[in-house]
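Order of writing sets the chain letters: A, B, C and D. Residues in each chain are counted from 1.
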Amino acid sequence: MEGSMDVQSTSTEARAGAGETMKRIAVLTTGGDAPGMNAAIRAVVRTATHQNVEVLGVLHGWSGLIQGELKPLDSRAVSGIINQGGTILKTARCQEFHTEAGQKRAFETVQQYAIDGMVVIGGNGSFVAAHEFYTRYRVSCIGVPATIDNDINGIDMTFGVDTAVNTALHAIDNIRDTSTSMERVFVIEVMGRNTGYIALTVALAGGCEEVIIPERPYDLNAICQDIAEGHARGKASWIIVVAEGAASAVEIARKITAISGRETRHVVLGHIQRGGRPTAFSRELALRLGGEAVHRLLAGEYDKAVGFCDHQVVTVNLEVAIQKKALDVEGIYRLIRILT
Amino acid sequence: MEGSMDVQSTSTEARAGAGETMKRIAVLTTGGDAPGMNAAIRAVVRTATHQNVEVLGVLHGWSGLIQGELKPLDSRAVSGIINQGGTILKTARCQEFHTEAGQKRAFETVQQYAIDGMVVIGGNGSFVAAHEFYTRYRVSCIGVPATIDNDINGIDMTFGVDTAVNTALHAIDNIRDTSTSMERVFVIEVMGRNTGYIALTVALAGGCEEVIIPERPYDLNAICQDIAEGHARGKASWIIVVAEGAASAVEIARKITAISGRETRHVVLGHIQRGGRPTAFSRELALRLGGEAVHRLLAGEYDKAVGFCDHQVVTVNLEVAIQKKALDVEGIYRLIRILT
Amino acid sequence: MEGSMDVQSTSTEARAGAGETMKRIAVLTTGGDAPGMNAAIRAVVRTATHQNVEVLGVLHGWSGLIQGELKPLDSRAVSGIINQGGTILKTARCQEFHTEAGQKRAFETVQQYAIDGMVVIGGNGSFVAAHEFYTRYRVSCIGVPATIDNDINGIDMTFGVDTAVNTALHAIDNIRDTSTSMERVFVIEVMGRNTGYIALTVALAGGCEEVIIPERPYDLNAICQDIAEGHARGKASWIIVVAEGAASAVEIARKITAISGRETRHVVLGHIQRGGRPTAFSRELALRLGGEAVHRLLAGEYDKAVGFCDHQVVTVNLEVAIQKKALDVEGIYRLIRILT
Amino acid sequence: MEGSMDVQSTSTEARAGAGETMKRIAVLTTGGDAPGMNAAIRAVVRTATHQNVEVLGVLHGWSGLIQGELKPLDSRAVSGIINQGGTILKTARCQEFHTEAGQKRAFETVQQYAIDGMVVIGGNGSFVAAHEFYTRYRVSCIGVPATIDNDINGIDMTFGVDTAVNTALHAIDNIRDTSTSMERVFVIEVMGRNTGYIALTVALAGGCEEVIIPERPYDLNAICQDIAEGHARGKASWIIVVAEGAASAVEIARKITAISGRETRHVVLGHIQRGGRPTAFSRELALRLGGEAVHRLLAGEYDKAVGFCDHQVVTVNLEVAIQKKALDVEGIYRLIRILT
């Protein structure tokens, strides 16, 4: 991806407004990488190309827009990436873009390259930035929800999350072999930033005994009593899933040992949850949303995110998408407890 | 699972009607096995146990009900099976149950064991049988949709399909390595009985060039012309996915060679798509529907299937569930073609 | 596996000596669990059964021998476990067995159940214990090398290690997606107790830039200089693998940041490396060694471990097997550095 | 990889002889693709570069050498491919190279590009061709054994085979779920050309009941009798593995049904066994042999293949390497039968 910059820059006025016909759009990936980003890039490029719209890929997210790191992407450039994790455009977290000066430089790039609209592939933070960018400079941005955190409001699912959930679940299946064989209490920390979505899903699907998430209070004394009672009935192993947004596995394990006197082990799954070959669902969602984003952008929609809601493609205003997403935890939590 | 039959049989009248309190239910898996069946069994058993309802497991599907192959299942009996493919209760296709004599014998088993209701985990054929059984003998049956074919009408998704799709996709990813390296045309046949759901999904997610499904006509001459044109542009490899319900990969490959003169390879993925460790989504769906089926049955619902529709748990009359499910193929098909 | 103890105990003299015909052997798994243990158990049971020798399974390793937790294992008892991680016999680390009192009680169990010989499936610590047990009580023990640490001297490979290596490698592949996309330095800690075998192998196979192992000194200043030089050439991401026996990933990451000023991320893979479905090679090795152990034991060999050495089955005296195994690191290390 | 040909061709005499210092070598992949080929290419390129030797990549195997499809490969060109299946250099089966005219044209390419030596990554057929090429034109070729068939004589293992074995094993694990649940006889055909290596290994590791390979006769009547006897004992499912070099699964399944009257299912695993992410062992072997091939070539060895034999790197004359490799089947076969 590190080829020379051979994009024709122009000195014409920016055509960043909606309504008129778009000739050139830019695509970037920002924030943490999520499995499916490459599939989304592919869909954006090929859908736009099919509509005779040029695509520029911005490297390194907003930072690359500030620095002018762009390159043209044609159909061939996105061959063979559909099943690759990460992002060929690279990504970065960029503080500078949150300053007025940074956005001004980014806007100068938009003008210089005559970019008519932008597809922003990323998560919550990316959408906050895109909304600011639109608000200040009226650059038509459309968001494609890509994050393993599943924290975009107004839509059902972001596209990296199914892969992350399966990766975490596979890890938990592995750990269960040891937990069962050695009759141990394991505390496993999973990602998800401020939400318990991954934790709740893998705790259910993994047959785990308990889950600790930001969306509901927990009581370590009650958990330890459960363990004691289970032990008395002959139950010998436990897996407790902890969402990173709720607590630290190290801490929880230490406290359980302190309260119960029982040996514990902890595992922090960490960055293995971010990468890897995207699952079918992550790819399907990424491809459909990437294609849809282009159609909506060309149709004059902006300052919105595309997504699925009850199996329908919808757009959600970025202002809404970045609000706290409600997670209905009680039904699942009850099921986890009954199934144990 | 083949322990001796130590269930207390009773001579009391069958309590197969709904409305009164259920004390004992039976669970069986029928038709082709689907990943997640064990998770569903686990959910049925533990949810019922939690409600102080006894559970009998019927071995070998309807056939076991005819033969009286039943065994009690308690919480411990369903430990450690949540991530196992297949079904611990075994399954079978049973012609005898489609006869009056067969159903009569099955009903005698229901009476003998004082079974108040039945959870039937299976696909289309299983639901046809359950509906017949209810119609003739008023045995309260509730269906849990388990099949890789995703052909149950009125609900979004059956629970084995996500696993089957990912298995097929993984196989296609592997084949693409060879297809790209050797610059060949591959024709890959996937399962799905009369529906193109798996084929369409993996063709999209696998970045495949073409897909042949029962839901839409296909034109091999046009496909061969596409290949010729692509070849002229420098495109060197193709993957064509064929749904088993539409055509045979062997046939399609032979015809493409006949028309185009090009060497082809075919692969019939076959039964690898049926087994394997269920994905997170297959397990989640199986667990939630298994639990819900028990709740609905105890609440007096029967002759229905449980399922998700737009993220809500719903019940669908079995008569409706067994109708032909419509699959919206055009949007996805167009996307596949644009993305190529 | 937790059935009632229905083994016929006898008051006859122990027949623990070699040379005479064995009628009943015991098998146990001890120390950390390793993928393939179940395959080894299967091979032990079926090979012995084929020779008309009875097999008792000891639960919970040495601890179960002390407590008298034994159960008969026939061919059917080991069905369907060949591809399962963990161990159906459970395992434990047992301090009591390292005391004279503990071994005395264990020996009483051996006498009580008329056990003629024992197959001990485990790693270094297990072999130390088996050798002590033989030395003190002349119980014929034969060791089957099962550990992910690959630290048994005199043989090529223990049988869990190939699975652990592939699990760690898969995790590293995932992390590389993020490392490349976000252009970060990652420090990844892998298991291996006092040896760098896993670390060295995954660093090579994972295309990692650096590896820190107990077998050779490392210089963080030199590593940071490499990173700086690479960065100047345009290289943007690094993965440094750390063997748990050499250092802590947290510490190494912290120090690299301190020296270089560069942001780092660390991941401790931990217990995901222990479990999971064994690879083909882990199963093959487990099955062959399990079978061979029985043959050797029945042929009067004891106080030894079985293993492969240059593709030949060999036995190694336990005293030798527990010595420090030399690992030829320089060739591989040089290759890792050249390939970067 | 399809960039323009910007290699400096020269009119100087070919320096294809050994002994003098090499300045430029070529690398190609030929025959069927094997997982690890990309890792081997990476090792060849980076090892040569480290020795200040230029590397040209030949596209499409021998065919590309005839057509003059070459491109320079530097260290960066082989980034990020270590874990990719297939080959970035493409491969082909080339009849023309087996003619005198074809080889003459290929030799002209060698002279034109001033190629001092060649690394030939491939299997048996590739080595036959390389040996012919050396014999006729004295082009220094060194072979790197890459094939899933494991049929190179004089060395322990070729580098794609471990991946193919694990892929086939995973498929068999999946099929076992259905075989067990539906109590069926499955016949599964695996690859391996004229050898039974894959079949024998997966039959053992997969806990399969029977295996049919080219290296030993088989008796379908005896197999059907085994099935009948097993059935009488309560055994309900069978998996019979067939090597493609011995028989066709379709045929075997048909005959078993004809003899036994029992329903059977067949699966031909086919090309899924060729691709996919290489396992740790496939990568390690590919990297070590790729590096070693360069060292040997630069040291003046040619007309040989590199390989491991009893954990030592060795070279084997191509004439020997292409002989029929003996496979010791009886020990493994007996074990398979005992373990059933």
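Assume a contact is a pair of C-beta atoms (placed from the backbone, for glycine too) under 8 Å apart; a residue touches a chain by one contact, two chains touch by 3 or more.
It should be emphasised that the depicted structure is a prediction, and the values quoted were computed from it without experimental measurement.
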Chains touching both subunit C and subunit D: none
Partner chains shared by subunit A and subunit C (touch criterion as defined above): none
Distance between the centres, which are taken as Cα means, of subunit D and subunit A, whole angstrom: 39
Between subunit B and subunit D, centroid-to-centroid distance (C-alpha), Å: 37
Approximate Å spacing (C-alpha centroids) for the pair subunit A, subunit B: 30
Where subunit C touches two or more other chains, by residue: 173, 176, 180
Chain-level touch network, classified as line, ring, star, complete or other: ring
Touching chain combinations (by label order): A-B, A-C, B-D, C-D
In the complex, subunit D residues that touch subunit B: 2, 29, 32-33, 35, 37, 60, 84-87, 90-92, 167, 170-171, 173-178, 180-183, 186, 234, 265-276
Subunit B-facing residues of subunit A, complex: 39, 42-43, 46-47, 50, 80, 82-83, 156, 162, 165-166, 169, 173, 176, 180, 201-202, 204-207, 277, 279-281, 283-284, 287-288, 291, 310-311, 335, 338-340
